[in-house]
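The data blocks that follow each hold one structure.
First subunit A sits with subunit B, and in the next complex the same chain sits with subunit C.
The block that comes next holds the complex of A and B.
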């Protein structure tokens, strides 16, 4: 497929080894907390032990007495050094609307209420533990969605109505109706939330792992009330992010003012437990799904209502009914989203934030419908496949859903499946096979890049994109090498630094779709400078030689389809966000896939295993099959984890997380992951963006949990609609 | 080294061997010793693994990984090898000592998180936050109104099933006690977890051999396949005459406040053919007195199924003549 888009393809589409791989495996790669600054002082957070109430008094005497303590920041000591600024969903930058150390009020367990700064990490930690706080508890507390004091609100703008759902559902010969739920989950990137701040006269440099360095820069400028040109944010490597490092959190401004107060660099590395409330997370969701169909399985009515937990301060919702309503042909649709406000920290983004929970509900309901119809679940998707989405009647730019199902089914050997639940038992093991659709909207946003070509054939490409481990460095090198006709080894890359040309947030699986076109446009400009506009890559170096020019450097910015022209200034203010998916006036853009899993459940002791999983994904053009394979397989493992392992457990009595550590918050280990296969289904989409890429970072997660619950049903005859699925649920 | 053992210790002293429990609990501030005494100099004297055909002697400072991989242990005491290799992670097994392993503290979240004021194990008389809290992982056997925390280890079940004994040394000299007497049920004083006297340390485990030791295994059921504590486990050692049980030894893990010997189940098996039905009857006897909590009622059935599966698996073990 890449031949037609890139006839000369020599680098793109090749499994080029990771650009920064050697630096990472040798420890040479310096993450934010690895950066050594002279005279660094160490900060340690003290978090609230209650979820709702006020701080009546701090007793800091014992903390101050710890040798090496330099400063203690509380709402009483910092005054108004940090300004109140709007949250990201209010048009601002920060991930929740609370002002850091803004008042005596406590809005959730694990809220940062003091920062100790000391000569050593150990002294800071010791002192933080010696802070004594007198709290006044608020009389009522909502720890979860079922709490009587939680307040539910319908988000009217997210409501969808097509045709007459009620009449169509009433008339449908075959119906399915069920409720589903997913638990709170945390991203837990391996790299902790670290921040180092250093002031040099009135200029501030921040070393922090980030998915959006310009968001941190401009948000921090707003909070500190200083010019953004005085702030530089550097994030050369990020040790996993998964949404947790998407936007500015409260910690950064605290470290910045601590560094300013003491006139020394300050370093904070939040603990694993603190990380559970330092940033957002995947909140609990509930779903009510109703499906009506004819006897052939054609959908006539679809209703999907979601409830998402949020904080009292911030009405955050992922609201992915906008996608579940558009996946299959159906003339009558009703969809709604509600938030349920509780005394918990503000949720945020976690890999496939809305797609994972909403797909779990819809794709499990479809399996229930297939079973009711005695129909193969693949065929149910086939009869409802569509080229246009049913809400607005807009065309898909490309859609290879059934090809994904067919390729995955063949690789999985689905034809050997016997449909009766419990019919594939193997000795003591109950065997079940299940499948589900995976989907992820194709987004892109404004981005800029600079490319420098030297007469000796060396190329340097730079853009303030982000290396989260997904392969950004490698992709940027490949695109520039391809465009300029040089070997990829001749290309060097700079990213993750606000001094570079700005790029989009590394979120919404949009980095490649956004930054690759900017690199291509900069390479176009180099061609024009050489007077060989439109020339093939092979002609560039000869033209360079003929020109006698030593170095050409060009800058370009690109604006994807559907992004308003006046949005380009947002690129230079840290406000570029993914656009596309279902939010375009003329079309919808999705990557699609099919997930197949086998589960085995021991008949006596009920352990649930996933001996194999096969996913097939059509996501447009694949620039690097090696790194993309990692994304798909990693996503599928996340999917297994989302269904069987991950669950942030909450004690309702104080709305605290009781397993906020990597021993008790279960993630799969190698022994749980046996055979995971990802198939890349060729797909050419010339519409989505110039690079023809749809984004691969999140789709691998989507649908796996439904495929597992469907397989558990097939193994046991038990339909499990609440995640995670644990052995006691299949007893 | 003798000086260490002779010194009159007090509660402000913590002994350090592999460090995998003590350092963890110090970081959590669950324990705040004023002095930590490193015992690793004793490893030379008490790091042995010795099989003489009659009994297995394991020095308390032998590492979990060494013992799990030892050919004599693998050949003659599969239940010991399995209980060790199925525990923790490779890194922890490389560091953790056997003595420390059997003394490891509970994983109860309310014990490990000092922000919870009610924990009778941590602060005597303060109450038990787990009774009304998240108690899926808690015990159903050996509980009291004062504590329902699960004993987390695996190796202890193997020692208990095999009637091992423990050699200890302390300021008042050395003594030997049955492993079954090492741990104390919580009762009204859950902070006292063992019958070791102040200043005493474990130096050696002695495990007798018998017709049952070769036909032994450890079955561990958990929420993921490695690096995770048991939801339910069973150490079984069976001596069969044909298919009739001469003698069965059973200890249960993941379901009890202490390493739990299932004597009633053993009695129910004795002299009977080891069929699924007989195993099921024995398993019911083992859990006859179970007291489930709000989130862990499933452990009563799961614990029984785990024992049934372990017994049937042991019955089907084949040996080279």
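The block that comes next holds the complex of A and C.
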């Protein structure tokens, strides 16, 4: 197998330690709120305390009286300084369609309604708490999906119909039908939502952690009504993002306006609680799944309908039936997606945004089918494995699903499993083993990069891609080192700055797949300059020496397969998004994997533990097994967390978040995690992109929740179809 | 007031409500200590005070006077050699985004010096006050074990 893979190299595929490792262990890495600007004033947000209504009056007297207060921004004081602009879902930039401090209207709990600016953080905080607001309450849909008068809307473009589902389901000898649900969850990156803005004459610099600096730049220009060339956004390091920092939020324009009003730099660090409504989140979902199969387990009918909570202002849906309908061979499919509009802040993206909840539903239903058939769940996946997706008949560019199942099953020692629920009890511990498929679409988008080669063998790579912790600095250095035949230690990298060549949003597991080809193309241009087009890496430096040239710098932009040519201008306007997965005319492209978990439930205390998890993933070429391993393992722990820990709890009276802090919003800590093993299954796919990379940031999350619920069933005989699964559910 | 941080004395004028974390970050200019929650729930702000790990967001700056504060910036030797715990975090790739890392490293040093690092289970338990949202937990345990042996040997 290995001889068919990309050629072995000295750099690519090697576990090179992190480029920025020393900076991160010494405290030298400067995150947005670490940047020190002279004469900085501090901002503090005041958030709405009701679900829906109107601000009748502000009493700001006590706040203004706090020593050190400089300015207070409300919808009354800033007027029309911030323009109404379309949301990202409407072709714009901002993560929801509400104009920041746009009016007296309250659309959700936790909406920023005032900003205090003061000499110190302490004064700003005190004054923000002294703001008194008189609200006029309006009837609200505060009970989320349970709100009786919430409007449900079917998203017709997401509807899928193949064959005749109803007839096939009616005729199927074996059937499974069930409803599933997943809760609201929040990304909670360790770094809070910070923004620093400084104006120098008419030029604005923004320091803000971002997955897409050019989105912030162009969106802010639109909001402020100024030329984008006057704005620079810098995000050198990001303290975790997970989708929360993908797009412009309301806070940035507020800090920019505040800094302009007082003529000083202004720094905002939203509190952890405020962060729950500053950006988007994973909204509640519900699912209805019906599976029909023959006695051998071959699917004849598959139906998956999803419901997703959204805000009244923005119909946002992740809609991953587009993927669950295409995973397995099945001639009769019906799938659709609905939004349920309520009085909550607009949802957004959270690591494996649609894939996590929709995979939970489908992969749990498949386990129910396997149990009904008395069939090994791996074998159920095998008889339904396919080389073409069943909706449009398009080929997978590559698909190593069963190899992942076989490798993970061997590592897990699955053959020792006895299928009867409750049959593997170990003393006081009920033991269950479960598995599920992991999938994530392979995306990429337009990106640009600049590469500079010096005669002394030093290389500098620059691109406005982003380091979120996935290892972007390291991997981009490896790509350039490989292409130009220099040691990786000779390569320096700049990322996360709008002054650099623009790149795609760091989302959809697409960064490496998008930016690596741009670096490769820039290296091609260097070869052409040297007159050694097509030369091997080893020939580059000798050619450079022979040329007598001191420095060569080349720029390149790349457009992945399936992206229309006229989209390239979007790259230069902060509008480049991931393309691929199921959205190509001629093929589908996915990374695939298999998740296995052991669950132990104590018979007396009902404590639920996951002592071990094994995942095997085939995701094309692995640039750096060290950083990729971190992505897989981290993703799998996110999966454990999605099943057992995370649940944003909501007060039905005012749609407030009850547990908006890191003590009550449960996240895994070190003691929760014992043995998590990630296997990288070799896979070559030369079609997906020039780098052969499928993306690894999100797939690790997908399927774990189903594997856990399947293991809980195996341990207890109880099928739990609603996340999270807590000890009170297994009593 | 004066604060002793990493062996240096800093004279600062502070609000009585200023936390040690904000004093370090906003007034002394040592931004290695991170704010993740400001409520003592995440551990990102962990520093050593007189050698013991403490949450600097729950410690008032005024109450830190006459005590020796060590932050992430004070761990490497002046010649640039990293503390064994810093090197172990690099060697085991015990971080991704890096934001919780300063707190993890200082907490890990405390964990070892308290004698709670004898076993992987002990490390997991006594490192559970430091959340890593990237979930580098298995690598953090491996790093603490490596540094524990070096700290004992050195």
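By definition in this document, the second predicted complex is superposed on the first by the 722 of 731 C-alpha atoms of A that agree within 3 Å, B and C clash if a C-alpha of one lies under 4 Å from a C-alpha of the other, contacts with A are read in each partner's own complex, and residues count from 1 in each chain.
FYI, a residue touches a chain if its C-beta (ideal position, glycine included) is under 8 Å from a C-beta of that chain, and two chains touch if they have at least 3 such contacts.
Treat the numbers as computed from the prediction; the structure is a model and nothing was measured.
Of the two partner chains placed around the shared chain by superposition, neither subunit B nor subunit C is touched by A:38. Taking subunit A as the reference chain, the count of touched residues is higher for C when subunit B and subunit C are set side by side. In the superposition on chain A, A:659 makes contact with subunit B only, while subunit C stays out of contact range. By the touch criterion defined above, A:731 lies against subunit B but remains apart from subunit C after alignment on the C-alpha atoms of chain A. Of the two partner chains, both subunit B and subunit C are touched by A:671. Shared-chain residue A:49: touches subunit B; no touch with subunit C.
Using the contact criterion defined above for the overlaid structures, shared-chain residue A:17 touches subunit C, although it does not reach subunit B.
Annotation: subunit A residues 663, 667-672 touch subunit B in one complex and subunit C in the other. Across the interface of their complex, subunit C is touched by residues 17-18, 20-31, 33-34, 36, 120-123, 188-192, 237-242, 269, 271-272, 468-471, 626-627, 629-631, 633-634, 637-638, 641, 661-663, 667-676 of subunit A.
By the touch criterion given at the top, residues 49, 129, 602, 604-607, 609, 645, 649, 651, 653, 656, 658-659, 663-664, 666-672, 726-728, 731 of subunit A touch subunit B in their complex.
Residues of subunit C that touch subunit A in their complex: 15, 17-18, 22, 25-26, 29-39, 41-42, 44, 71-73, 75-76, 82, 86-87, 89-91, 93, 95-102, 105, 123-125, 127-141. Subunit B makes touch with subunit A in their complex at residues 29, 107, 109-110, 113, 115, 132-134, 219, 221-228, 231-232, 298, 301-302, 305-306, 308-309.
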